[in-house]
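Below, subunit A partners subunit B and then partners subunit C, in two separate complexes.
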Partner chain A sequence: MSAGVAQSGTVDLPLGNVEEQFSASDTRWYRLVWSSTKARVGIIMLLGFILVAVFAPLIAPYEGTRTDFAPLLPPSGEHLLGTTTQGGDIFSQLVYGARVSLLVGLFGGIAATAIALVIGMISGYKEGSLTDDILSFVTNVALVVPVLPLMIVLVAYSEVRGVPLIVFVIGITSWAGHARAKRAQIITLRNRDFVTAAKFAGEGSGRIIFREIMPSMTSLVAAGFVGAATGAIGAEAGLSFLGLGDPNTVSWGTMLYQADAQGAVAQGLWLWVLVPGLVLALLITCLTFINFGVDLLSNPHLRED
Partner chain B sequence: MRYFARRIGFFLATLWAAITLNFVIPRMQPGDPAEVMVQKLAGKDAQLNPAAVEAMRAMLGAPEGSLLEQYVAYLKALARGDFGLSYTYYPYPVTEVIGQAVPWTLVLVGVTQVLAFVIGVTLGAYAAWRRNTRFDGIVTLGSTFVGTLPSFWIALLLLFGFGYVLGWFPTAGGYSTATPGWNAGFIADAAYHSILPAVSLLITAPIGWVLGMRNTMVMNLGEDYIRLARAKGLPDGVVALRYAARNALLPSVTGFAIALGGVLGGSILVETIFDYPGMGRLMGEAIGNRDFPLLQTLLLFIIVGVLVANLIADMLYGVLDPRARKAES
Partner chain C sequence: MTLLQVRDLSVRYEPKRQASLTAVDRVSLDIHDGEFVGLIGESGSGKSTLAMALLRLLERPGRISGGSITFDGHDITTASQDDLRVRRWRDIATVFQSSMNSLNPVMRVEAQFRDAIEEHSDLRGDAVRDRVRELFEMVMIDPKFMSAYPHELSGGMKQRVNLALALANRPRFVLLDEPTTGLDVVVQRSILDAVRRLQKELGFAVLFISHDIGTVMELSDRILVMYAGRLAEEQPASGLVADPLHPYSKGLLGSYGNPRAETVRVTYIPGRPPDLSRPLQGCRFAPRCPEAIERCTTVEPEFAPLGEGSVACHVARLQREPGPERVTGLPEPTRVFAGPEFVKTSEESDLARQAPVFLKVDGVSKVYERRRGLRVQRTQAVSGVGFELRRGEVTALVGQSGSGKTTLARMITGVDRPTSGSIRFTASDGQDIAVHGLRGRRLRDYRRHVQMVFQDPYSSLNPALPLRYALSRPLRNHRGLGAKEADSMAAELLETVALTPSSRFLDRYPHELSGGQRQRVVIARALAADPELIVADEPISSLDVSIRAEILELLQQLVRDHDLGVLYITHDLLSARLLADEIIVLNGGRVVEHGPALEVIRNPADDYTRTLLEAIPQPFERVG
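And now, the complex of A and B:
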């Protein structure tokens, strides 16, 4: 245990070293993440997904939304994975689907992390006050309310279906776990000497929370973001699978929704069912791998092996 | 006792929050909620079903009056058990439709959840006890991999493989006998139909507990009281089960309600795939038919179910761990 602490050098240093401590860890964090083999694999895979999403029009032979091909063609040179019952090219849909998943992951992750940060940090900094009581209660409620049914109802009520709506709904429903973790973290930090010094210097609460304390929690924020992005991607797939996705774009969830609705399973069109789920699982795997690297930042014990 | 009072207080407060949320969600739309919704329906289909409008009004209560008056009327209707009429199953009340679905989901999710807990905790504890061995590696890495698979996709693959290709299990429904009833034949038939949906959920459900239990137990194994137990010459089995696992189990109990929410979410998708007659499939139908009274009441029932499970887990935790009681007294 003590070996881990000494090795990380970021846990309990004497007062004078605070500045050095942060700048030192800041220049090294990416190297630390990169030092994990799993995280390296994850980052390279994620880059692959990003390239596919960005260059989708170059990679996909057709528009993802085109449905004017002959239905139920077997895989061939023209249609690498065959066509759907409605005459869509499965491979093109797959390529364009990466865009939706990555966008939802990015923005859903940012939205959930931002809400978690604001609520968790204010609540933790004001620990014991009425503000904290109210915010903690809201967090605990959001934590026990099952997320998917709530998202379903929120999306079902909305007139405009689409990626922005899904991002919004994911943001306002999926922040509670991270908010609680951040509250716990800030409670351990808020009585540190550098915070007291900032108070004596006359800085306001907002500035202390977000300018003084937050930079020392970068790794926790990063871990929270990767986790939230993973959850957002899974949630979009689930919502789209229930037919609540954007009807005008193709995502892996809507592909599976159509496959299920058209009876692909009963008709033995297994490629149509297998492939979207497989790429979804791959994307989630690579984010999980990246999280192994991010965990190294926040948990020095893991660095020993 | 302070601990128990606080937990019950939290339960009541969250219950109130859930009920209020249920009131607020339909009213977040701009304009008069009933009118907006009726218009929405009219926009979708030119032919407007008067039953639907009626059901909508019944759900929203009297649209006239201030928000406070509406809220009071809503609470009164709830107290009477009046949740409006479903317009998928018009003229049946929502509660009756849901009542028929509840036992299916309760059994499916309940059994899956308990099995997931037992499997997860056992695997996690054993992996921690044999940490850094091959078994530990397989369990930890395997859980991480399997945890990335979406449960509804697993369900589709199982349905395809075991339902259609091999033909070992039924592909849809909760039973094939004509009359449901409490007899051995029907129960066996229902159990047979529930195997694929249950397995779909069970593949991913234990993973949180496997990893959580393993981490807590590894930490506990480094504690002094374990060293003392070993020094006393207690057999390995006693140290593992009565000392380390027993203490490591406690945090797993508190995660029960949150995990239940996850399994319930998964069951919505899985029931839709297997056409299983529970609340999840009903929710799928309600989405497709824009049956808002049904959808809304299902959400309320699901939330209340999780809150009750949470309260039970909290009570149990208080009984099991004296530290929890002391910390808040």
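And now, the complex of A and C:
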């Protein structure tokens, strides 16, 4: 990844006068992201998922948690994808499951990014000091602790189940790698002249880190967030698949868990397994596609001219 | 014999998301065997694009949109890359601008020579090694560095290696694109001397591109002046000095003054080059031209022979070859650029040296320690330096890189602390501050009195924040102003540095401004705290020669109006002489000479000062 100071690519061209430069600066971030075909596909797909999640009660014919249908019905007009062994409507579960995945992706991503930002930025800015030593030590510990067993232990021993718990566990277990990246990035930025200039302007450390340096890292923070959200969605599905999800809500992970527990594949109920797995893969793919567009922001060399 | 013939060459940039523009527009030139041709112009004039086109190294979105390039009788305008590969480095070689990046960092230097030599000759094995040794001796580098990696060489050595590499296959034509930009004056001088000597000995032709007219004038036989993508003038070097035809050439020449004179005068060219992505009418230089007549704004002048050279200027042509028709308002022929001027007289300096002392540096040393495992590596950056700065006086700290001048600046501004010695500052309210022990809040308070102007205006302004933010922060922190007051004060500051009307600039981002405008903003930000001392670290070295005097004048005006003291740090004695009342010469961390500016320049007592002085290009003296 490059240094990531946005819009440094325009200086090579002969400068016209100020007005023209202003109107000609066609490099607004949303246009750049949109200019990548992959990102465009990803954004449209993600919008689709969001619409489904928001309008789930309108789209799904039944409540996702209802299990009073006849079990093992084949796909039909009333049950588009058939029913489960417990008599749940697979299509409705699928639609409501999108809500959980997106919520966990959003909040898990935010939690991991926020922790990574605060710890990474402060330790990078104070590189070489005692503060950095302590924060780096914590980061390193968090990096070497095996994440999945830790998550399982945390969830298994907690009293309550549910989305907030999953978000919390994902947040505190998956920030370390991102914190490392932020620390490295800020070390390259903090010796820039404009940071020294901010010190001369009488700014304190907090303001320098979060007002002066962070805007130059926005694209990296955005890329980190998309990555963290992808990871959170995967982690939620994984935990639920292991039976650690909330039994009172429906998510794609719990669908897979139940399908597996009931031996769906052995019984030839392949739709029950395939469909939640497929949408999960699609959601993660579209987030990865979006990251291609976000990469254009942080790395001007990738922009096609 | 004509070696390189260029006819009506045009290069267009057609990026997807920005307006397309013609960076090189119908340029024709000839270079003969063994000739040394200089090409000068401001940044953005299209000289580097022309160079890339000649080498056929243009990359998208740029392309040759018209005209032809003929090398040694072969048309290479549309030749395929495979055909060109045979010629490159055998017939046509080049030295690029960034010496730091054009050597492969993971290959030993000798291997890089070996690649180039074996590709184009029958030399193998030890014969190649002998050839490389010979080349190293040619550029005066100890052959023991043949087995070094590029990072083990200094900047100057790398550029010499690049030069040697360019000459490896005895090319007939070498293109030098700003080969010494970013290097120290003394190193620059030695490389240019080597270029000229080798060119005389080996007889290759050179196209030497630079924005620094002084060095080009000294070296070249013939000079091309480029402006806004077109050739403005072509003349033998002596002719250009004695009788410049185009006002733009006069403007570029005017940016050099004689440092030894009692009163130094340097002109600068106001305004900026035109935006090439818009339709242009008339002469492209007319809006900045002090000699423009009515015809200049409507009819584009043809580039055609006049006297010994060629020129694209109505005024020069009418003055020398009056046609049948009468043209009113034609100015008198002149050799100087009738534009704005920067003047420094010696009386002003005498007066400034009477002012009271407000910063005392006494016996200051700085040792940097680097820990490598158990060993500690010590570097003595500054040793036992002492001097005084006076209110309202400009003191120049002159020296090469590594002389300790930047370390001193960092200690005076409180960024670093001296290992021993003291720095004391007396504020205007009588407060005595021991700078060498400051930290935390007291350091922040000290910066109300002392501010800094940075070298590179491209990196010292935050690209993500508008000017309004950059200017209002020091106002709020140091002067305790509220948001509204800070806003109106920020506008006032922009007016002070002549960015008017300020309302047009306040919400701009740095990337929308030119280098000169950015440096004005940096100066405005330094002024925001209403400081008593400004430390300016090479504030003009990254700017075009043609606008340097503009920034110097701004600094001088601020000294006069605000009773500021300025510590001006530079490697360039000429600009030190222009701005400073007093000069301190540093070498190897020690003061080797200290005195009134004019005195130091006229009667240098130290050998090192003399070396620095000799490195200043003197285009006027060579010819006469």
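Here is the rule we go by: the second predicted complex is superposed on the first by the 277 of 305 C-alpha atoms of A that agree within 3 Å, B and C clash if a C-alpha of one lies under 4 Å from a C-alpha of the other, contacts with A are read in each partner's own complex, and residues count from 1 in each chain.
Basically, a residue touches a chain if its C-beta (ideal position, glycine included) is under 8 Å from a C-beta of that chain, and two chains touch if they have at least 3 such contacts.
Here the structure is a predicted model, which is why all the values come from computation and not from measurement.
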Touching partner for A:200 - first (subunit B), second (subunit C), both, neither: second
Contacts of A:260 with subunit B and subunit C, given as first, second, both or neither: first
Subunit B versus subunit C as contact partner of A:61, first or second or both or neither: neither
Touching partner for A:247 - first (subunit B), second (subunit C), both, neither: neither
Contacts of A:164 with subunit B and subunit C, given as first, second, both or neither: neither
First, second, both or neither for A:74, with subunit B first and subunit C second: neither
Subunit C-contacting residues of subunit A that also contact subunit B: none
Of subunit A, residues touching subunit C in the complex: 5-8, 10-11, 13-18, 20-22, 24-27, 31, 35, 192-194, 196-203, 211-212, 215-216, 218, 304-305
Residue numbers on subunit C that touch subunit A, as the complex places them: 13, 15-19, 21, 23, 44-46, 60-61, 228, 272-278, 413, 415, 444, 447-448, 451-452, 454-456, 458-465, 470, 473-474, 477-478, 504-505, 508-509, 511-514, 522, 525-526, 528-529
List of subunit A residues in touch with subunit B within their complex: 1, 137, 140-141, 143-150, 152-154, 156-157, 159, 234, 237-238, 241-244, 256, 259-260, 265-266, 268, 270, 273-274, 276-277, 280-281, 284-285, 288
Contact footprint of subunit A on subunit B as seen in their complex: 10, 13-14, 17-18, 21, 25-26, 28-29, 40, 144-145, 147-150, 152-153, 156-157, 159-160, 163-165, 171, 222, 257-258, 260-262, 264-266, 268-269, 272-273, 283-284, 286-288, 290, 292, 295-296, 298-299, 302-303, 306-307, 310
